[in-house]
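Got a structure for you, written out below as structure tokens; questions coming shortly.
When the chains are written out, they are named A, B, C and D in that same order, and each has its own residue count from 1.
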Amino acid sequence: MTRFTFAVLLPGLALIALGCDLNKVDPGGGASSDSVVTVRSGSAASPAAGGDSAAGGGATTAAASGGAPGKLLGTIKFAGSPPVLPPKATQGNAKDPAVCAKDGDIPDESLLVGSDGGLQHVFIYLDKEPAGATAESFEIGVFDQKACIFTSHSFLALAGVEFEVRNSDAAAHNVHTFPQLGAVQNFGMEPNSSTTMSFNKAERAPIQIKCDIHPWMEGWALILDHPYMATTDENGNFELPELPGGSYNVRIWHERGAKNGQLERAKVTIDGETRLDREFPAGDFKL
Amino acid sequence: MNKFWPLFFCFWPVVAIVVFWISPAMNWWFPGMAMSPLGEQIDNLFYMILLVVGIVFVGTHIALGYVLFRGVDHADDKKSWFSHGSHKLEVLWSVAPAGILLFISLYQLEVWMRYRVKSHFPDDVQPIAEVTARQFEWRIRYPAPGKPLMPTPQPDDLYTVNDLHVPFGRPVLIRLRSMDVQHSFFVPELRVKQDAVPGTVIPVWFETIDEGDYDLTCAELCGWGHYKMRGRVLAERELEYQAYLKTLQAEQGYDGVQELKSTGAQIAEYSQGTDNKTGH
Amino acid sequence: MKFSDTIVCAVALLSIAGCSSNSVPQFETSQDTEKLFQPARDAVESELHAAFGTPDQLVVWPELPVDFGNFGGSIEKVTTQGTVVVPLSGQSPLATADRLPELSGAAVLVAPSGGDETAEDGQAPAEKAVAVYRVAHYEPESKSLHVVGDDGQPTQISATEGDGIQIIGDGLQKGRNLYLRHCVHCHGVSGDGDGPTAPYLKPRPRDYRKGLFKFTSTKPGIRASRDDLFRIVKLGVPGTYMPSFMLLPDDEVSAIVEYVRWLSMRGELESKLVVQLSLDFSSTRLEDESFADVSAEFDEFRGSDLPDIVSSAGEELSVDWSAPEDPENVVTPKEERVASSEESIARGRKLFLSEKTKCYSCHGETGAGNGTATETINDLPGQPGVKAEEPGLFDSWGQIIKPRNLQRGLFRGGRRPVDIYRRIHSGIKGTPMQAFGNNLSDQDIWDLVNFVLNVPFEKKTQASH
Amino acid sequence: MSTLSPTADLHGHGHEGHGHHDIGFVRKYVFSTDHKIIGIQFLVTTLLMLLVGGALALGVRFQLAWPWRTVPIIGNIVFSGEGGSMSPEFYTMLVTMHASVMIFLVIIPILAGAFGNFLIPLMIGADDMAFPVLNMLSYWFMWPAIACFGVSFMVNGLNAAPAQGWTSYPVLSALHDSAPGAGAAQTWWLLGLTFVGVSSMMGSVNYMTTIINMRAPGMTLFRMPLTIWSMFITAILQAFALPVLTAAGFMLVAERVLGFNFFVPGGLIVNDNDPTIGGGQPLLWQHLFWFYSHPAVYIMLLPAMGMVSDMLAAQVRKPIFGYKPMVYSMAAIAGLGFIVWGHHMFTSGMNPALGMTFMISTMMIALPSAVKVFNWIGTIWGGKVRFNTVMLNCVAFVSMFIVGGLSGIWMASVPTDIYFHDTYFIVAHFHYVLFGATLFGCFGAIHFWYPKMFGRKMNETAGKLHFLLTFIGFNGTFFPMHMLGIAGFPRRYADPYIHPYMEHLMPMNRFMTLCAILMGIAQFILIANFFISYFTGEKAGRNPWQANGLEWSAPSPPGHGNFDVLPVVYRGPYEYSSPLIDDRDYLMQTDPPPNRTTDAAPDQDRTAPSAEDQA
């Protein structure tokens, strides 16, 4: 019996010892490594030129058999009665009361609906520059901070192009960007100063800009490498530069859009001056 | 066969003794010689006790083995030896161990006093650094070169981590603190160990008899990273030590514009000024 | 026999235990990727796998500026099939001559003619076609290199004199092994700062996948340099659970740093791809569209655009991660530090409390890190309009972040004047700490530095007055 | 009888009942008030816990042998993302819970709970404990303790189970943020500790009362078996030491839950929190804790000493060598045990003068231990030794206890302790005492009294095999720990090998781990033997070992009330090979004296009636 038991026992132990020692991966093992290193297959294949061609979205470029070139313009509306948003800071008890909200509360600009339902600060843009587009020069506005509000709340810029940033307040601000692809920027603006900045990469969607000193200060900027973008005015009207005829995917984006901000990816066929009028129910928004 | 078990019980002590015997050769022994005078005394004490213990161990096991063997022989006897014990023996084996134990305890009182009792510290010992243990590293604060170590941080203090430089050949004292939980300052080669108790500053003195770097570890469970607290005590010549402080000072004052002097340059510079002053 | 039966069972049990299959660490998919439409998610994962592999099967993407401890040289003569004479030289601190005999199995890149330009950095020439082999073995004395095919089969090496040879070193594996031993518990296998120990630590361990590191010597918008990461690993981050690895040998630390950079690049590639896909291929689309339609559209996208996106993302990565090594992008003061004096400190305090900088609004009038900004309730990061429950500022990782309490005299990014200068000059990346470099003069910044370094002793001086 | 036994009316019949009485299964076997059932319940529970603690220990050993490798079985479940390699806090948890389970749920209950309960009434000739209901409660208070420990595993996940060491020193154990395991789990752990305390306290009160009041006629104090003496002394130790630990535990709970400030000093910055406020003193805990936990070491040892004395005498057919010195030395150990706790704190920075006094007292406590060892050897001397499982375990007990005792001298001498404190030398030391001595004693006791518990003997072959494997595995596991300790290998290190001076010790650790696995396997043999023998073991009569104790005059297993007739004691328990009789070499305590002149008759007034019963 004893002999038999040993016969069973000892091989078992050997097995255990073996099993424990046969481990493939040895995290503890410092220098020793059984891990394979392979070179990425086709790594040598020369990649497409053009560093940041933020292509995507299956945006079909202009079809050759297009109609006449023309502008794309239209109106974006908020269907139904918009909710009343409380002001972000009230007069008197905001930070730096001498400067901020000194003549009136600071409104919440994240959903500004005009008298006839026109929705302000909606971004309308194309992913790619259409082939054969005659891109006229695009004027980037001044990014200003006035009365502790970013103006404009919705801002358009071209990647790699410098533009002016101004602080018209008697208080210091800082410009803190939250890009998805480009480099984060966060610099201070001393009172009544002006400087220039630029975004190093085109984005896929508008990005947030904040001021950490005045937490309510918030703006949105769309950075592309082509000028085919626009934002809606207080009546919800927008106008895109002249486009070659053909069909496009046009993104309609608002900061409160329910699906990553995107309200719709509209298929539009440009044939002369084309209108794109949309009305979005409250359900399409994060409220 | 009926002698198997007595043999078995004699066999294992032999193995034990053999293992102890070969351990130093197999490097299953102290991490190097004791590199501090106190450490040497501790080692001597260890070997002294080892001798006593060894004798007792061998003796008792020989006795045990003997009685077991005899037990086998008696197996066929009708009865065992009917004895309730021997008063003489009882007295003998109570008094003898008592003597030995008393001797041991008195023998090493002095080491303990020198190690811990403030009044028995070396006279010329000066605090050279404050070592603050925290999860899971040793933060070290030196005074600026030429200044004494203040109980509270000073603007010109020098800071480093896990790397305690000390001059060898003279007793040095560190003030041991803890920033969070209890740790223990353990330098095996120096045979130094002292808990860092939160809320108290404990003076620890030691003297290294030769230059070299000695591992510093934590010996009191201080959390999940207990084992990560790897530091070292680097004993170097007085000259290098002073120069090290100088480089540390320069490094600490580094403003990215003016460049840093190498340690070598520091030594050279320092030795010109002070080689007549320093004995080492 | 009952007992032996029991014993057999016991042994069987423990044998199984002993020999239980040893699983290997796995990279985790980020939550953003999880939100994608399933085929899109698969695409992202397969791209990542192609570009970076798994922890035990690392993939080298030669375009990336990662130091693999490569060896390089140009062929002197091609002897027999699969054997060439080439003097190999290390191209990085990780590639030391003593590793030469241990190269067996390493990947070999052969770049026809003028491959010597590869010797500058660890990158293979992108334009030229590169043949891939593996080292059978290398004899340093005779300089003869025996190679086999990538599949391990004997093969003809197609190369001529002067071709550039590059051998991918094992620096990355070394880094990986050390990472899995020293770092993984907190920073996680994929560098997502979510290892098993992470949930109990404040602040949370760094999530590398944004390619964002807080304490750098580089200008705003530039990644962390190797030196920065090296310094952090060596010195730790005082006041956090990032301990000092002071006593790890330098080459081990460099190896870890390389692996961390590699992990960051992997994470960045993932997030870049997700950004490209999330607008059009988020799983929410299935709510009102059929799977077939979306997947049809995705297949088209995958065929037409994805390869470009990946390769251009790779190029961006190589550009972004080479930039910090360029001295141009390192912040160096122009003027020497202003000696710390009563006046300088006073000027510094004035600046600290001024409207110009508004330091006090976060760090508080006494520098205790309790400014008003820490009491205001902010929107949750990334979801405007949604208020956080607790007041305080957020960092880019979505964690509440405390402005430094300067009175404690703990400086996470280092206590040298230049460190604090850099914090003020180019801010702390990924945090509300902003860059003042463009509206403060060196003089001003040094005054602030002197003030900040003096804050821990302020209270005493004030008390004495 | 009923005049003697306050419990007689409680179970409603005299001593002559043989267990056949109409109470349901639950009252009889689950919530039983019968000391034998309770003892067996304790025994089975603790054997179960032994397996749990052993499994935890194997986890520790695995990490030390193959650091960060895939942990068998659980690795892929708990740490799938990391490829199954455990996290450091999980390791510290293993260390902590192994110690907690082994000490509080195995060793203390198996000695006092299992054997104390089963043996005391049988050996002193009582029909049950003084307070049977209290006795039952003392068992059923083990389960809340076990439950609390269980909850502490689950409450915030395996990764965050208690991991502050079984000593759970503050500040680590006092602040919720100081470690993953210092959250709610730590509070549950402390509650569990308290329940164990309550359970042991009930036991000790019971034992003292029973031993003082319920001895059979003629059972004078110095006719008591050494087992009873040891149980008696242990009970006293517990009664005096335990309240301190309980108080300390409550203080720590109060500190953690109600924000009291006993142990945490001010100004500590833990986990990036604001500095702590308060003027606590961490050393206070250490003093309170060790004031219990050092005597606890003897609580965990003395009963084994007593039982081994009895078993040895029976197996060598010889009176115990120096009965009274044995008793006195046990008393001395107990007495000195109260004034040596400071030797756990030599490096803690307490007043060095205290260090000296504690050092001397600690040295002195080695003396009675030595005396006992010599007496055991003397007992074997000249006996006709039966080399059965019981004997082997007893000899192992003596031999291991010698090692554990001798290595203790290094701990007692302060300067060497400075070096050995919290290294593996300590680990080796207390494992030789607590496992090497106590557990081998228990294994012997299980084999020795099993026939009395279940009426059958345990299988000898399996017993010997179990002993052999355990002994080899044990020494293979723990003897090298001395070397590790000398090499300065600290305790509780998840990955010691990041320190260069320990790298070369990994092979040794692998060897130790293999031996530990061997030991683990061996325990399955014991368990198997224990349960299988219940059905297949060779039937044992009343006195299978031809031993002298009172318990052997009762039927096996004894019915309810233990003895058919009230036993009367005529002599001490160790009259083996007495020359008074020739036909056999043992003379039971109940055997009437062959000729009345030699043996003092028991005093008349107490035993008159039962003396007539005898006649």
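The rule is short, and it goes like this: contacts are C-beta pairs under 8 Å (C-beta built on N, C-alpha and C of every residue); 3 or more make two chains touch, one makes a residue touch a chain.
Remember, it's a predicted structure, so these values are computed and weren't measured experimentally.
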Query = Which chain lies the greatest distance away from chain A when centres are computed from Cα atoms alone?
reply = D
Ask   = Which pair, B-D or B-C, has more C-beta contacts?
value = B-D
Task = Could you put a whole-Å number on the gap between the CA centroids of chain A and chain B?
result = 61
Message = I'd like to verify one number: the distance from the centre of chain B to the centre of chain D, where each centre is the average of its C-alpha atoms, in whole angstrom.
response = 33
Query = Hey, how far is the Cα centre of chain B from the one of chain C, in Å?
reply = 40
Request  = Let me have the rounded angstrom distance from the C-alpha centre of chain A over to the C-alpha centre of chain D, please.
outcome  = 68
Remark   = Multi-chain touching residues of chain D, meaning two or more other chains, are 67-70, 72, 83, 85, 87-89, 179-180, 269, 271, 461, 465, 495, 498, 517, 521
Query = Of all the residues in chain B, which ones touch at least 2 other chains?
reply = 135, 224-225, 228, 230
Inquiry  = Counting only residues that touch at least two other chains, what does the list for chain C look like?
reply    = 3, 7, 11, 14, 17-18, 20, 22, 24-25, 55, 180-182, 184-185, 197, 241
Ask   = Which of the residues in chain D come into contact with chain B in the complex?
value = 87-89, 91-92, 95, 163-165, 169-172, 175, 178-180, 264-271, 280-283, 316-323, 325, 347-349, 352-353, 355-356, 359-360, 363-364, 366-367, 370-371, 373-375, 377-378, 380-385, 387, 392, 395-396, 398-399, 402-403, 406-407, 409-410, 412-416, 418-419, 421-423, 471, 475, 479-480, 482-484, 486-488, 490-496, 498-501, 504-505, 508, 574, 576-579, 585
Inquiry  = List the residues on chain C that touch chain D in their complex, please.
reply    = 2-3, 6-7, 9-11, 14, 17-18, 20-26, 28, 55, 180-182, 184-185, 188-189, 195-197, 199-203, 239-241, 402, 408
Query = Taking the complex as given, what residues does chain D use to touch chain C?
reply = 67-70, 72-73, 75-76, 79-85, 87-90, 159-160, 177, 179-180, 269, 271-273, 459, 461-462, 465, 495, 498, 517, 520-521, 524-525, 527-529, 532, 536
Note = chain C partner, complex, touching residues on chain B are 135-137, 139, 153, 155, 159, 161-163, 224-225, 228-232, 251-258
Request  = Quick one: which bits of chain C touch chain B in the complex? Just the residue numbers, please.
outcome  = 182, 185, 197, 235-236, 238, 241, 243-244, 246-247, 331-337, 340, 409, 415-418, 421-422, 446, 453-454, 456-457
